[in-house]
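See the structures that follow.
Presented sequentially are two complexes of chain A, the first with chain B as partner and the second with chain C.
Showing the complex of A and B:
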């Protein structure tokens, strides 16, 4: 996989994972963003169990059908990046880029330039496959979303990570409310009319291979594994990404039902 | 590029005064393409501003920064009483799909935070130099202010940064 020795092209470490729990993945990403000086591409081919992941400012009462979440014991976490709420599971493929701000020539470390850069990279990935676009801040085939993005930008580095719906369980969408902030192109569609599956277009391995090839046009990739990273880890770093406690979710459920009562009074 | 240089030199020449704060003057903006930069403030290369009034300084992010970030939907602020070092992060703003660190131009003790930003994070977009202020510090080392840019230098810095990308 490594592409050694391209002069003038920045190095990037490639980490390929499969079925790693999303909390572990996010902790790794946050730690690499904050404590590493290298560039990283992390690909996690599915996570081990259905989990709800909110953005940094996510409020469960507003975003989730909490009674169902509590009843079915779905873990809920708040991640360190911005953006919306996703339900991830073994059918989700994650691709993350963590870069020094000078690693990609010509892009300023702000949300829109980084998003445009990623859109151009994935244009290469999906060339000849479906009607792929970056639409507002989502990856779509036509007008249906299959990839959601989020970022965190520090003084000298940034992370852009994407969760791709290679497949999903229809029933899992019932845990998510319609968010207050939606892209314009959504046009009041419910979850199932708004999203689509990447599996209808290409296989998991083909997507991952194409993504790696597209990354190689920007970086000189060097494969490394999780064990190598974790043995040199900065153990003092404390990530902000965390699971919400049962108590927090129960308080949110109470708040949500009180809001519903006041709506109908 | 020629229009940008002309606009910049015109902006510096005109220096229209801001009625509400006599000692702060906005550089003239011909259009919303050019972010406003106020005289009398100091600026960091990470696009935060500092206003020094007596024993306390006020800090926020610049018009250039808020314009590039987009609509701010959430602000993370520290608790008063904590300390921050020069260049260190004291909080973050969320805009679009991103969280972006906000860094302190100088070191000091945090004495006040703008609690209005909890309910109204958009103040950072509407009024980055006034109602959108973020924290107030008691400076730990006032000489650090000398390492920051003045308005002319910061204006040039932003133009060069935008031109390079």
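Showing the complex of A and C:
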């Protein structure tokens, strides 16, 4: 259902967060997707601590160097959207769009059209700043990824959220294995040759402001704060994004080591 | 969320617990689910007294053509709808099933979310286009489902079927065509809440039986043919239920030379016209053959010397120590067919008319025409490229037994990529087979016959010759490709030792 604000342009609630834990952010997003009928833009300027976030069907044994993860006690969670694994930290900026299926004129509620729409939006954001592209399902400067995307499409709504690498710590990359499925444009590049930092192009505030301006071309934005949302929250809603327990990770670690052994038998 | 719609005629096979099957299918391609057409499959080996694969249900050949049997965009006769995984975006060929929101037996509403899948970066809720009852769920969470494969089956109500219109087209296609309903024949029994197949519903209608009054003895209270006949017998509608079982089959499926409904004093007892309403498989055949007829076919005919094949079969038989295995020609023909397909993958493809693209199928799922008591079915042997001749022999035998018992699974019938059809004992030189859409080629093989051949210096010698007729979709295949493919296949049959050259 479109909520016309300005003539012909749907309303969208804008929520600006900073340093909010990623689990809380994902719970909020899932709740808004499933129980709200409004359009939302959520921007979280960095999360509070390094956390590993896998996609909905992520398997730790395949995706993570579990021994290191356990040793350094990095929290691991599985989110409700599809896509791959990211390690997020205070250097990550999150931008999320949650829309009714007819909120954006002309785009159909399927993965590719939504992805293309988002690519066009960020094209505006990075106009004149870098050689920005949507490449397969990633945002890149040139051929280096700095933004990863994931989506969830329900009966009447969809969410498209992005984690932007404004900055990252090299050592954090060691927690992640090379995924089995990689985009073609990655070729054979290792992690550090494949990604880049957004901070080499623009500041955090500049990025966030430009994103809000780009969103305004599609929506009539109205600022809302977290407290306002949470007081009207549907308390019956149970989010599916969850932290994996230590036990689950330990079992996964055992499984991973057994698999390695069998290869050499 | 758009759901593509695919409907098939329920055949007389029992529903079992969750089965998984592969159905290569794009949202626009016609339904590859086969529906038995009329015909016979008969394959006799030259020089062999016993018929190895002999099903004496002759073809009804019109103008010397015979029909391929796969149904295309079948019309519902029983109200069971296949719900496939629809195309969710360009280049998305498959999704992982994440979870079900419904289970078998649940009543569901139109637009109700039924499951969630994941494709690449997105989780997607799939909603139902129908109001109905979940009859069968075909995948479990974690399974990878190809676009077009059936996710689940729903028992729908009559009204929906007749008014179905797609609302949300896919982003990359124009959307499925409207399927015109043919629901004038649907009666109370068709839309009653009991579980039964269309064949059983027809039988009930013939005997004036209300299915709601019949106690079902099948799985989940399903009403079987025997239940209807027993009820009718008890009511006094029929004299002998077991006799009706046979005559009912015959009435439903115009098959069998003996039962061919030509006007004759003996059969009808009079010279009046008789109206035969087309039901079940016959009805499906009308639709599927009409669709197939729209495809520009060409036919390529060749003769293959089967002397080496005959010798090979004898050798297999002589060294066979397994009493359960009976060697025939077909497995070697099937394996050599697959070898030739590896070199000519275009012959093993599906054509998507709207996107103007050809999908080269990775697996060689060779369909083999077989006659069942209910008519012709075409189960297929999956992944022939990865099977040995012995494995093909065993799988063929398994399918034949199931076919004779009318117990083929949807998995066995769905997913074929090329059809092989025996014409055998009917007569005539050869037929011109119609394609089993969305496949692009069909191969009809005749009986191996001993005929005289000439050597270069004019001497006559006997040779076992088999005629083949390859029907092909001329939108995709040209004469040269088919001719070369046939030449390749022929080489493997005439010189089976070449199979060893490619053995891995």
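By definition in this document, the second predicted complex is superposed on the first by the 260 of 265 C-alpha atoms of A that agree within 3 Å, B and C clash if a C-alpha of one lies under 4 Å from a C-alpha of the other, contacts with A are read in each partner's own complex, and residues count from 1 in each chain.
Methods note: a contact is a pair of C-beta atoms (placed from the backbone, for glycine too) under 8 Å apart; a residue touches a chain by one contact, two chains touch by 3 or more.
If you're wondering where the values come from, they're calculated on a predicted model, not measured in any experiment.
Novice: Have a look at chain B and chain C on chain A after the superposition and call it: clash or fit.
Specialist: By the criteria stated at the top, chain C and chain B clash after superposition.
Novice: Taking the superposition as given, does A:106 touch the first partner, chain B, the second, chain C, both, or neither?
Specialist: The answer is first: A:106 touches chain B but not chain C.
Novice: Kindly classify A:81 by the partners it touches after superposition: chain B alone (first), chain C alone (second), both, or neither?
Specialist: both
Novice: Between chain B and chain C, whom does A:163 touch in the aligned arrangement: first, second, both, or neither?
Specialist: A:163 sits against neither chain B nor chain C.
Novice: Kindly classify A:25 by the partners it touches after superposition: chain B alone (first), chain C alone (second), both, or neither?
Specialist: After superposing on A, A:25 lies clear of both chain B and chain C.
Novice: Pick one for A:92: touches chain B only (first), chain C only (second), both, or neither.
Specialist: neither
Novice: Have a look at 205-213, 313-321, 349-357 or 439-447 and say which bit of chain C overlaps chain B after the superposition.
Specialist: With chain A aligned, chain C clashes with chain B through residues 349-357.
Novice: In the superposed view, which residues of chain A touch chain B and also chain C?
Specialist: Residues 55-57, 80-84, 108, 110-115, 137, 149-155, which sit in both footprints.
Novice: What residues on chain B touch chain A, complex-wise?
Specialist: On the chain B side, the touching residues are 46, 68-70, 73-74, 76, 87, 89, 92, 94-101, 103, 161-162, 164-165.
Novice: For the complex, give me every residue of chain A touching chain C.
Specialist: Residues in contact with chain C: 55-57, 80-84, 108-115, 137, 149-155.
Novice: Can you list the chain C residues touching chain A in their complex?
Specialist: Result: residues 1, 88-92, 96, 98, 111, 113, 118-125, 127, 142, 168, 170-171 of chain C touch chain A.
Novice: For the complex, give me every residue of chain A touching chain B.
Specialist: Residues of chain A touching chain B: 55-57, 80-84, 106-108, 110-115, 137, 149-155, 181.
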